Amino acid sequence: MAAPPVSGPSETARVEAFSDGIFAIAITLLVLNIRVPPPDLTGHGGTLLPALLRLWPAYLGYLISFLTIGIMWVNHHSMFVLIQRTDRYFLLLSVFFLMCIAFLPFPTAVLAEYLPEPKGRRVAVALYSAAFVLTAMAYNALWWYAVRWGGLLDKNADREAVVTISRRYLIGPIAYAISFGLAFINAWASLAVHGVLAAFFVLPVRKPTPRRPAM
Amino acid sequence: MAAPPVSGPSETARVEAFSDGIFAIAITLLVLNIRVPPPDLTGHGGTLLPALLRLWPAYLGYLISFLTIGIMWVNHHSMFVLIQRTDRYFLLLSVFFLMCIAFLPFPTAVLAEYLPEPKGRRVAVALYSAAFVLTAMAYNALWWYAVRWGGLLDKNADREAVVTISRRYLIGPIAYAISFGLAFINAWASLAVHGVLAAFFVLPVRKPTPRRPAM
Amino acid sequence: MAAPPVSGPSETARVEAFSDGIFAIAITLLVLNIRVPPPDLTGHGGTLLPALLRLWPAYLGYLISFLTIGIMWVNHHSMFVLIQRTDRYFLLLSVFFLMCIAFLPFPTAVLAEYLPEPKGRRVAVALYSAAFVLTAMAYNALWWYAVRWGGLLDKNADREAVVTISRRYLIGPIAYAISFGLAFINAWASLAVHGVLAAFFVLPVRKPTPRRPAM
Amino acid sequence: MAAPPVSGPSETARVEAFSDGIFAIAITLLVLNIRVPPPDLTGHGGTLLPALLRLWPAYLGYLISFLTIGIMWVNHHSMFVLIQRTDRYFLLLSVFFLMCIAFLPFPTAVLAEYLPEPKGRRVAVALYSAAFVLTAMAYNALWWYAVRWGGLLDKNADREAVVTISRRYLIGPIAYAISFGLAFINAWASLAVHGVLAAFFVLPVRKPTPRRPAM
């Protein structure tokens, strides 16, 4: 209790709201990467449908990034069920984590542009994986700070659940690092790791919440 | 009570806030589809007014999409008056639903670009309708999960109102599917379905809210 | 009490939050209308400073639109101090009002592009004023519905303050209509009305809020 | 009872929410300044990696602006722990402050474009510093109004902490003014001031919060 928390429970509400804002904006900006095919390209000879189909890398990037950021939001959400307080360093770690989240539309745009190009594909997928390595590391830093240094958890938080969650979160940076390495061997295999990881994080933790009496 | 809810009433608040954020951003990004006519196009010989009038498909797309998303927001809103709890799967279905909402600026942009082009018009309107079919299906999935599987409704929710709402929501995917089919016959008739549907969903349900004592 | 309100006080919170979201996004998107001068234009012979100064119409548009939308937000805010409930029609009027707010970045962008062009200037300013006429009308519709039809005000709202506010709000559409007419005579005089109006709405109402004991 | 506050504690919540919205959007729009290298530029002879590396000024601008805005958010946050009420003028000062925040993506974009160009570099860095001078001044105006004129602070706010905070906030405009002057001598030294300042504001105030009993 040497370093006093910035404020009471309402503080957590404001970090959550700010985080939700950035999650919501970053996830919604992803759609700007899907560009309308210009009429002059589709006009002479071609039709709209094949031009729309050629945009598949943009759709794929939208799908993977949206689901991954969305699932991160769901987990960030579960994290804040356990976190009861904030302090200055936690807020700063949050800013760093949110800087990673807000950056994700860029590697997604690069992916959408270069996935069909044999030359740039590997670098594009590697950049994409690297951005997620960084984001997952920032996410873990946030969690570890709250658990270990900051002592920001709810006193009644189920210790066992905390350990399970901690282990689970570590899978993120490791798997994305593998995906980064795979990018230089096979871009598609690397992308597949992103899909598998999203599916994995959809699964609930066995003990997802602190025990609490029925409300 | 086998599958414990993620948390208490404040949880619903956070999904609502996140959803509102994405609704608000997606709906506001629509305006970016209305592009300022470049001065060199209007400068020599032409004037600004006809150039602005030629943008009518962009205005029309803005109007239909804004109203439809706005009305969906109003209904999403009414839905959460009845929903009292959330769980992990509900959050994930929400992410999927919001992925559809956040995608809508793209088909709207395609519509704005290709509505005046006889060649691309049908495909543009079909894409537009297809996006709304998907969105309406995700919306229904959200509702049905809350009612049937998740048991997330307020215990005091008026059963009759729930049934009325359930039937009413089903009209969405069916009507948009009809609109999708119509797109290949007549693009304008297909768009008209969107207008009629927006008007229909504006009408209140006979029993819109659970009975509650005067506050 | 014939038309039951959608819900309790928390409902107002959600409309406010959604409105705040759209206000915040529309107001922040305005900056996208200020385009970075391309290096090839400034590179040969010219320097960056004059290129930045040539962007003055974009800065002016940003300034007027930001302040006007910002002041509307402040007033919208004061409005909701008096409004206690919402109903379906109020939400729909809100959607219509927010459609106007979210549209404002477009006429601002047109203004920024065509203000220095003698040919398009009048039409650009007329469009700008017309957009504000519509927005101010929607704002008044929202207020009048809450006061007259919906009966959504706080029972303890100071009647005199309500009358003062009602009269004051009517100045908006009238002044913007004058500004619209002026646009065809003198574009600068028309813009000046926007400035004067913003300054006017900054002034507090004589009786801005119900008296309450010092907290 | 002479000058009644606009409302109770919930008012502060709405300004905070609106501010958070604008902070969140402005900070997330920064990523739009990092443009995907067009394939035709990287295609012939070159590869994607060097094209991505050439974007370093855009990454640097993103990093500095994101961290600075993020830290401003953290401090704005601490400010509102002490502020208990709002009034009309405080809201208007908030609108002005937020106009500065929402403008920041523009000078960041100019910086990203002109930092590698020897000709425009100094002007770009000077514009960047000038924008932060203005923002820091608006931030101080907000704080001073709350403390001196508005009397909006929590009655129990620690006077000593208020004085410490006030002094500390004054460092912002002064340091950015120095950075502005330095821009004309050495652009890199000027940018370094931004980095140092961000690091300085990360440090906690000795007495960061009002003394309050353990909750």
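By written order: A, B, C and D. Residues from 1 in each chain.
In this section, contacts are C-beta pairs under 8 Å (C-beta built on N, C-alpha and C of every residue); 3 or more make two chains touch, one makes a residue touch a chain.
Because the structure is a prediction, the values reported are computed rather than measured.
Novice: Fitting the CA atoms of chain B to chain C, what rotation angle results, rounded to the nearest 5 degrees?
Specialist: 90
Novice: Note whether the interface between chain A and chain D is symmetric in residue numbering, meaning over half of all numbers used appear on both sides, and answer same or different.
Specialist: Result for this pair: different.
Novice: I'd like the Å distance between the centres of chain C and chain D, where a centre is the mean of that chain's Cα atoms.
Specialist: Each chain's C-alpha centroid was found; their separation is 25 Å.
Novice: Take the average of all CA coordinates in chain B, do the same for chain D, and state the distance between these two points in whole angstrom.
Specialist: About 35 Å, centre to centre.
Novice: Please output the residue numbers of chain D that touch at least 2 other chains, ranges allowed.
Specialist: 17, 21, 25, 29, 32, in rising order.
Novice: For this assembly, give the contact graph shape among line, ring, star, complete and other.
Specialist: Shape of the chain contacts: a ring, since each chain touches exactly two and the loop closes.
Novice: Under the stated touch criterion, can you name all the chain pairs that qualify?
Specialist: Contact pairs between chains: A-B, A-D, B-C, C-D.
Novice: For the complex, give me every residue of chain B touching chain A.
Specialist: My answer: residues 1, 4, 6-8, 11, 14, 17-18, 21-22, 25-26, 29, 32, 88, 91-92, 95-96, 98-99, 102-103, 105-106, 109-110, 113-114, 117, 119-120, 123-124, 127.
Novice: Please output the residues of chain C touching chain D within their complex, sorted ascending.
Specialist: It comes out as residues 16-17, 20-21, 23-25, 27-32, 34, 36, 39, 42-43, 47-49, 52, 62-63, 66-67, 70-71, 73-74, 77-78, 81, 202, 204, 208-215.
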